[in-house]
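Please go over the structures that come below.
Presented sequentially are two complexes of chain A, the first with chain B as partner and the second with chain C.
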Partner chain A sequence: MLRRFRLEEPESVREVSELLGRFGESAKVYAGGTELLLAMKEGLVQYERLINIKRVSGLDEVKLENGAIKIGALCTHHQLELSPVLRQNLPALVKLEENVANVRVRQVGTLGGNLCFAEPHADPGTFLMAVGATLIAEKSASKREIAAERFFVDAYETCLEADEVLTGIKVPVPAPRSGVAYLKFGYLERPSVGVAVALTLNGGGKSVGDIKIAVGCAGPAPKRVEEAEALLKGKSTDEATQNLPKAGSVAGAAAQAISDLHGSQEYKEHIVGVLLKRAFQSALSQC
Partner chain B sequence: MEFQKEIEIHAPKEKVWNFIWDVDQFIACVPGCKEAKTLEEGKRYSATMVEKVGPFRVEFPTTIEVLEREDLTRIKAQASGADNKVGSRMKIGLDVHLREQDNKTMLSFVASVDILGKLAALGHGIIKRKADQVLDEFAQSVKKRLEGDS
Partner chain C sequence: MLAGLEDWGKFMSKAMSRHQDAQTIPVSFTLNGRLQEIDVEPHELLLDVVRERLGLTGVKRSCDVEVCGACTLLVDGRPVSACTTLAFEVRGRSVLTIEGLATNGKLHPLQDAFIEYGGFQCGFCTPGMILAAKALLDENPNPTEEELKHFMHGNICRCTGYKKIIESIMAAAKKMRGAS
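Up next is the complex of A and B:
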């Protein structure tokens, strides 16, 4: 049963930050509640106050701004599925969002809420690392941009300060001759392994100019795997394809996979390799 | 969940053995453990275990019972506690062995940890990882304390 709590409804980021600063660990930001309220109903966490940030305007838009796609933290997964800006510039994120959890979660769950709750079996964090996204965190008098790969600290932990609010996500518009793919494997709605690949070809489309690889869901937090990228970057597409098994095992080891009822550590590491190969091929085919 | 660890300590076996039985020193090595009390010397102890994974926090008032003891060699103990606020229980079976090897002491322990109740909703993997971290920190802390003042 959900215990009693007080609902604060601020209308600006400054007010949200002030409330967070004032009430500390007894308060929590409420952005969609699909995960937070479940945990509260189970009695796993208790907060005296929830700070509903859905009254803060301007945080639920997707737009193009200075060569980047800016996604408001309060955009629901469903909004992202339908966004014309994303469909045109980043269709791989639309595909990911179409497959997040279930229709009820997608209707109310927000991208910002998903990232801040930092549940290990979530898709967006892994994807955002591969596409070089930055996360915008604001508090009363300041604003900073955090690279997606530095945002997650551990399971259920981010680098946000106690009075900081995630207000948006900035993703560079993919360059010409580039491709992005996110693939996951799991049981029903719960991904056990997720792999994202974003690559750009150069040399007339014959070699891998830039590549970013991220793995998630298998371990405590998503992780960018630069060691695996180094095995493919600058290589001809044929040579990179040959190096995929090695890159897969490097990425598998980096995933910090945890054995559980959904598979052993070794099994998940193997799946990382399989998904990396497929995601690479899918991204390549888009170039 | 089963965990096994072995710590190589550059200290004589007697010193390690005495350290284990010094409740205050020993408890100081267990991350999140506080308010340790001796209920019955050499047999029953109590302490409170506080652990945190992100926003999830549990507090287990715990009773530790020494089941078997072979001086300077082995201790078998059992700890159990419940967090009624979160609705979870914890049970730990612990087998500790000491052996001497080239002027060092090898302290090995096997722990079987059971977490029951709502906390299990966090998932086996996350709980196992947390327990692993606690045991690693404990092992390093014991080694540091015993070697630090040898």
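Up next is the complex of A and C:
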């Protein structure tokens, strides 16, 4: 059961930030509540106040802005499944969203909430790192953009300051001749390994130009793996394909996998390699 | 004895005053087609309000962590886990429970199909199954079995093994398409 708390319902980002500043750790931003309320029901965290951010307008849209896809932090997973902008420009994110948890969680859970809660077994963080996304964090009188790969500090911990509010996510529109794939492995709804690959071909489609690889779910926080990227970047597609096993083991080691009920560390590291190979091939096939 | 009673009195008065300080939120919403007005505290869950305060016990508490689907209700036609939905969230919205599905004493085609095809055994998951299936068929009247399984995978049954449930929903879908 939930303990009593008070509810604040501000209508602007400025007010949300001010409330966070005033009440500090005794208050928490509440959006969909699909993760926060579970932790509160279990008594793992307690807050005197929840700040319902859903009355702040303008944070639930997906639009194209200056060559980037801008996703409001309050967009629900279900909205993202249906978004025409994403379907046209970033179908891999649509596919990811279609497979988040279950239909009821997708109905109310938000992308911003998912990122801020920083539950390790989540898909979007890993994906957003690979596509070079930035997260927009606002305070009463300031705003900054944080690279997705710098957002997560640890399990359940982000680099947001106490009075900062995540308001949106910016993803560059993928270049021509590029592909994006996110693959996950897990038992029922809980992903235990997630791998994202975003790549662009150059040289008339014969070599790998830019490539970003991220791994998540296996360890405390999603991570970009530049050492694995380096084994594939600039290589001909054949050479890159030959290097995949090596890149897979580098990415597996970088995942900081832990042993738990979903599998041993060694097993998860192996799965990272398998998924990396498949995600690379899938991304390549889209180019 | 007297001192004990005095302590009891103090305890009760403190408990009462805390209750009086509690924040209440007026919630006006449509429940099974009828206007419902109720004051709730911020922490009250939709599941508790519907079951304990409004007396509609078709919706079930089971896993309590949004995984099993036994507490499925439709809010504006879409499925939510009532176990993890704060009651105030239904302000101005329309909530459908299994009790509101039959019209004028006539069962919904999904209810008929679950009976005809044996889509349940103990019945505990059935209200959630039927409501989730209704949400699916309202948005996609002609789902493939694959689409049906994807939509319904978050509703768990521990008796039937799902075959009969899938048969029931597919049969209801066919009947509903024929009727419209």
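By our rule, the second predicted complex is superposed on the first by the 287 of 287 C-alpha atoms of A that agree within 3 Å, B and C clash if a C-alpha of one lies under 4 Å from a C-alpha of the other, contacts with A are read in each partner's own complex, and residues count from 1 in each chain.
Assume a residue touches a chain if its C-beta (ideal position, glycine included) is under 8 Å from a C-beta of that chain, and two chains touch if they have at least 3 such contacts.
It should be emphasised that the depicted structure is a prediction, and the values quoted were computed from it without experimental measurement.
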Simultaneous placement of chain C and chain B on chain A, clash or fit: fit
First (chain B), second (chain C), both or neither touched by A:T34: second
Three-chain overlay, vertex chain A: chain B-chain C angle, C-alpha, nearest 10 degrees: 90
Chain B versus chain C as contact partner of A:A247, first or second or both or neither: neither
Partner chain in contact with A:L44 - chain B first, chain C second, else both or neither: first
Chain A residues touched by each partner, larger count belonging to chain B or chain C: C
First (chain B), second (chain C), both or neither touched by A:E189: second
Chain B versus chain C as contact partner of A:V171, first or second or both or neither: neither
Touched partner set for A:A118, first chain B, second chain C, both or neither: first
Shortest span in Å between Cα atoms of chain B and of chain C, once chain A is used as the common reference: 11
Chain B and chain C footprints on chain A, overlapping residues: none
Chain C - residues contacting chain A, complex: 22-23, 25, 41-45, 64-67, 69, 72, 78-81, 84-86, 88, 132, 135, 150-151, 153-154
Chain C partner contacts - residues on chain A that touch it in the complex: 2-7, 33-34, 37-38, 41, 50, 78, 98, 101-105, 107-108, 188-189
For the chain A and chain B complex, residues of the former touching the latter: 28, 39, 42-46, 118, 120, 154-157, 220, 258-261
For the chain B and chain A complex, residues of the former touching the latter: 53-57, 85-87, 118-119, 121-126, 128-129
